[in-house]
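Two complexes come next, and they have one chain in common, chain A, joined by chain B in the first and chain C in the second.
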Partner chain A sequence: MAQLAKTQIVKPAKRRRWKGDGGWAYAFIAVALIVYAMFTAYPVVSAFIISFQEYRPLGSVFIGFDNYVNTFQDSLFWKSIKNTIVYTVLTVPVSLFLSFAVAILIIPLKKGLQTTFKAVYYLPAVASGVALSVVWLWIFDPMTSGVLNQLLAVFGISNQNWLGSSASAMFSLVLMAWLSSHGTSIIIYLAALLGIDGSYYEAAELDGASFLQKLWYIVIPCLKPTTLFLLVTGVIGSFQVFQNAYLMTGGGPDNATTMVGLLIFNNAFKYFEFGEAAAQSLILTVIIAGISLIQFKFLGNDVEY
Partner chain B sequence: MKRKMQVLAFVLALFMLLTALSACGSKSGNSENSNGGNTGNDASPTADAGKSEAKDTITALLPPVSGHYQSNFKQMESDFNALYPNLTLKIEPASWEDMTQKLDTQVNAGSPPDIAFIGSDGISKYVQQGMLMDIKDTATTEMVSDFDPAPLEYMKNGEGLFGFPAYMEVHAIGGNKEYLEAAGIDWKNVQKNGWTFEEFREAIKKGVVKEGDVTKRYGFVFATSGVTAKDYLNILIKNAGMPASFNKDLKYAYTSKNYLEVLKAVRLMIDDGSMPKELSSVDAGKRWNMFLTGQTMITGKGLATFENNANQNNEKLKANDGSAVQGSIPVEYIVLPVPTFLGEEPVSSTVVDGYVTFRGKKEPTAEHKANVVKAAYFLASGKVAATTNNDLFAAHISKSGREAAESMTVNRNPDNVAAVETLLSHANPARPDIPVELGAKAIKMEDEVIIPKLQALLANEISPEEMYEAVKAAAIKNFGEDGIVND
Partner chain C sequence: MALYSTHTGNKPIKYIRNTTIIIVLLLFALATLFPIYFMIISSFGDPVEAGALSYSLWPSKISLDSYKFFFDYSEHSYRWLLNSLIVAGCVTISNVVFATLAGYAFSKIRFKGRTVLFFVLLCAMMIPYQVTQVPLYILIVNVFQIENTYRALIMPGLVTVYNIFLAKQFMTSIPTEILECAKVEGCNQLQIFIRVIVPLSKTVMAVMAILTFMESWNTFFWPFLVTNTMDMQTIQVGLKNFRFANTTYFAPMMAGATISALPMFILFFSLQKYFLEGVTVGAVKG
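Entry: the complex of A and B
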């Protein structure tokens, strides 16, 4: 009798747990978890396994650490890492500065005009990267008829072999990064700027603060979490850069623009050396994770989320 | 209401997940029928061989080989089905840009199409992966003997035959008839007897037209941007006693002193002012534009089909058609041979593309293999080959193709036809004896050392000697001191 009473008490409790939000939460999380497991975790685990193999569709062979050893002994890998670091150092801070400056210029405008500028700056993010590259190839035309060369001619400078010379190829890719695709960062900065309490500005104005003082003492500190976020994601994106080098220079001349992403792509899809490509991808992952940790350690200490 | 919304949201999320999962696991309807040879008959390969009337589907991944090629797919499928009523040819079109990526993805997933149209230089890559189907034992004698031996050799690797050739194109150079004659070049004689580098160098100097310090017309412009740099060097070194990356003794050839001489010649032509100093950035589209707009006398590389392209643009100019190349002039395209170096015999650089046969993860049945061979032969011979090659202005390389082409008319310059025939007479022979591993190493070295260094040489950032030393050092690293030519 007592047992029966116990069962009667337990059963409705179980049903309540499922009926409540907890059960649904688990169900929804499960969907995302399965997608994550299939499309993120599984490929990463696969890449880890493949990195110890000589991959063949009809049966891979285990070769231990050979792919890692080959990678570390490959001078082109280190050159590509160096190129990627140079590209990152030159593009990410300038891109952040430009995005910030544009956001500051847009924020005082009326809502309609603000939206127009947001759309204009976001447009390159919507446009196909291939189409943009074609436009840039036209701009970087090395002959005297090239757009950029015609601009130089106005100042009496002879035509430059923008993408064909080791001296200017990397700069050309950097210039391309500087002048395009700031839309996402601008919108994030604008959202963050709108989130700053207006009372700070009012107090500063009462104290007679100038525009630059308000920028330095209010805006920049308040935007630090946003800047850190954009910096970390920017560095990660920059380390994974592939498209620009692939479409604009193919990594040349003399591997001056071979980025590590392009090298991995070539090893995987040009030479079918998936094992080495997987090893290089994992090494890149470790490098990116290390740099991100350093960024958080030095820049994220006083950031509140 | 809240519960209903939760259920609805969950169902939608689940639907999204199932869509993603089904996309991952989906197989095209025909893939079951194709590569694995699972044609609904699960008998053993030997037993299947006899059942030639069983239904089967053959898949083919084909790019726009010629201008009208892809628009003929429906006709090709129905013609094949009329010939073999039990067989279905299912053609999947792909752009040239997508072709390699699509094929590579399918190959690496273990489910390639039965047939793909690729360059014969790609065969070794897929052989190394074990994903090509050797049809040597399945192709009939009639099929094999239909093709000219030279192009057919390109479809071989080691002892295996991995498809049928569609055409054999000569990589030549092309000249503007008016400019050649203005520069006093006897192009008819050159077409017949060829020219040495020294003669060529003088000729392209004469082709240069300057206004003050500005060059209005160059003597010679070759596309060298990116991977096209490979074509430029390859076309030259073949005429300098190095027809392949390995000599007959399988020693790496590009460490020969002749290689250095060719590199010096590459630099000389730019330093002379006969070629633009920005050559390293000139891509295929740019140099063709320069040719049609009168900015160069000779262009490279030149394929026979360029005569067709030039003729079409001439027609547009005549009809005042706005789609003609902006700023272009009427051009009569003349096929010219590549100059020879250091007294070496001329060797024409050729490209053989064709219908390559693939296998899936499962061993194909003998019956399916035979059906794939029928489809590959159908595409590479007879009416299909004749139509395609005529469209490309390419020479016919099969007897059935030549016969089918007899009734078709092509508007070609007879001098160019004869010049191409002469070039084909000393076409670079195929080298199926080069082991796959050696070939793969040479290709990677070409991509990672030769092309980057050539780009630097063209940009005047390194000397020919520095490039030669870099290539030699990489060759020793890859093939050893004893594995290279030391002359």
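Entry: the complex of A and C
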């Protein structure tokens, strides 16, 4: 580094200077690159290799495509895929709709109120997933004294064994997702709403458009890129969901809530089938990439950035 | 001229409309805030087994016995908070320093391989964490053999690609002329970074620090994998263990949950602006 600095002083020509800065640049990114290489790049390559092996602490054995073949023949894998899809379909669109509706409702309010509501809706997001899972566990208490059961009793609905029966366990996790924080999407939608050019509304009003017409013909098309962004990130996140299933139901009862993320975790750290877990994680990557591509293709073709 | 009719000259209608909107918004907000309210209210109850107890939504009494019960559960309970603080603190400082440095290099210094390297980094954001978790675990536990140490907890999170991306996005908007001026004045790149870039990037650094700290404090998965003794666990892992060990102690469990979430609430209420700003920085284009 000292040497580089010296060349800079001796040869002050402009081009030389830029060249000299290359050294600085590499120094600035060095730590980031080392961390990346060690804790991201290497593990990805390693996962690829492990997926073709049967892992043993002292020297793994190559077994070709067996891990992949086993995965595709495993009915639990397909069940977990199905569960993940059900969970995604039930949570992501509802979350998008709720966020959009809240953002639309916040828009006409005064600045101060807008900020207050943003903060209120964001607040649950700062509490840790473990803390919230502890609380929800008691809300779903199957006894008659359970919070949700008491609420349902008001409407004359009998006791439910929320997390304990395979019929309602998945719904319980979905309900938890519906009532979790939508703050992030609400704030992103609000920012996009504020970015819509006022002249569109003006022109629409001259033509006598109603509120709903403005919503349908101006707001929804203008927010399409935002919706696409939230949809893609939401689906990606939902496919990796692990924590709630693990902490709330452990995947049960009868694997009714075992999702791909949890299946991979169990294979890796419960049964120590590292090879199979690695294979499944790579399959998951391909699925996620595929779904993202499809979403961009079908929804993104007329999106202008 | 906006999405909503302005109701010029018809104040009462506008007033009624806005009041209705506020009520609807409040009702939904109450539903999402309910778990947190329930958690805090219940944590003041007595540390008795939940058997026949029915939950009340109003605090009948305020006692801190359940908090005491939680801390008495293990001699390391206080240590969990300290561990979380140490890990989150180190991860945050290192992210702010190294992600800002890298972000500056990627946005403002021309060097060979810049585009390729940045693209390679971005690829990481598309890979689910399930892919890296097994090899990372093997690396830390079997190769480095540093299981159950602070190093194991901190090292994988030293710099995240997301933060580099955040810094780069922000710094691209800093005018290059300023940097060239500094150069003409004889500053080297490190001096430019410290005297020009850092003062101009305080907002993004604050946002980065807060989001990184929150994520690190709340993270459960990695500390759960690489710690195996109580004295090295973070508060999230400790809370989970407490829950499985005391399945019927309702109020102490809520006290534990409140303890794990309280630092973040305090942080949120004091630095709200940066939290909310953090959502939109780098998230939306245009």
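In the analysis below, the second predicted complex is superposed on the first by the 265 of 305 C-alpha atoms of A that agree within 3 Å, B and C clash if a C-alpha of one lies under 4 Å from a C-alpha of the other, contacts with A are read in each partner's own complex, and residues count from 1 in each chain.
Throughout what follows, a residue touches a chain if its C-beta (ideal position, glycine included) is under 8 Å from a C-beta of that chain, and two chains touch if they have at least 3 such contacts.
Keep in mind that this is a model prediction, so the values were computed, not measured.
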item	value
Larger contact residue set on chain A - chain B or chain C	C
Partner chain(s) touched by A:L76 [first = chain B, second = chain C, both, neither]	first
Chain B versus chain C as contact partner of A:A131, first or second or both or neither	second
Contacts of A:V61 with chain B and chain C, given as first, second, both or neither	neither
Which superposed partner A:F28 touches (first chain B, second chain C, both, neither)	both
Touching partner for A:S166 - first (chain B), second (chain C), both, neither	first
Which superposed partner A:I220 touches (first chain B, second chain C, both, neither)	neither
Partner chain in contact with A:F239 - chain B first, chain C second, else both or neither	second
Chain B versus chain C as contact partner of A:P142, first or second or both or neither	first
Contacts of A:G198 with chain B and chain C, given as first, second, both or neither	second
Doubly contacted residues of chain A, that is, touched by chain B and again by chain C	24, 28, 31, 35, 38-39, 57, 141, 269, 274
Parts of chain A lying in touch with chain C, wherever the complex brings them together	5, 8, 17-18, 21-22, 24-26, 28-29, 31-33, 35-36, 38-44, 46-47, 50, 57, 98, 102, 104-109, 113, 115, 117-124, 126-132, 134-139, 141, 145-147, 150, 179-184, 187-188, 191-193, 195-196, 198-199, 201-202, 205, 211, 214-215, 218-219, 225-226, 229, 236, 239-240, 242-243, 247, 260-261, 264-265, 268-269, 274, 277-278, 280-282, 284-285, 288-289, 305
Interface residues, chain A side, partner chain B - complex	19, 24, 27-28, 31, 34-35, 38-39, 56-58, 76, 140-144, 159, 161-167, 249-255, 258, 266, 269-272, 274
Chain C residues touching chain A - in the complex, by the definition given at the top	1-5, 17-18, 21-22, 24-25, 28-29, 31-36, 38-39, 42, 52-55, 98-99, 101-102, 104-106, 109-112, 114, 117, 120-121, 124, 126-139, 142, 155-156, 158-159, 161, 164, 183, 188-190, 193, 214, 217-218, 220-221, 225, 236, 239-240, 243, 250, 253-254, 256-258, 260-261, 264-265, 267-268, 272, 275-276, 279-280, 283-286
Residues on chain B engaged by chain A in the complex (per definition of touch)	3, 6, 9-10, 13-14, 16-17, 20-21, 24, 101, 104, 107-110, 125, 128-131, 214, 225-227, 229, 276-282, 286, 361, 440, 443-444, 447-448, 451-453, 455-456, 458-459, 461-462
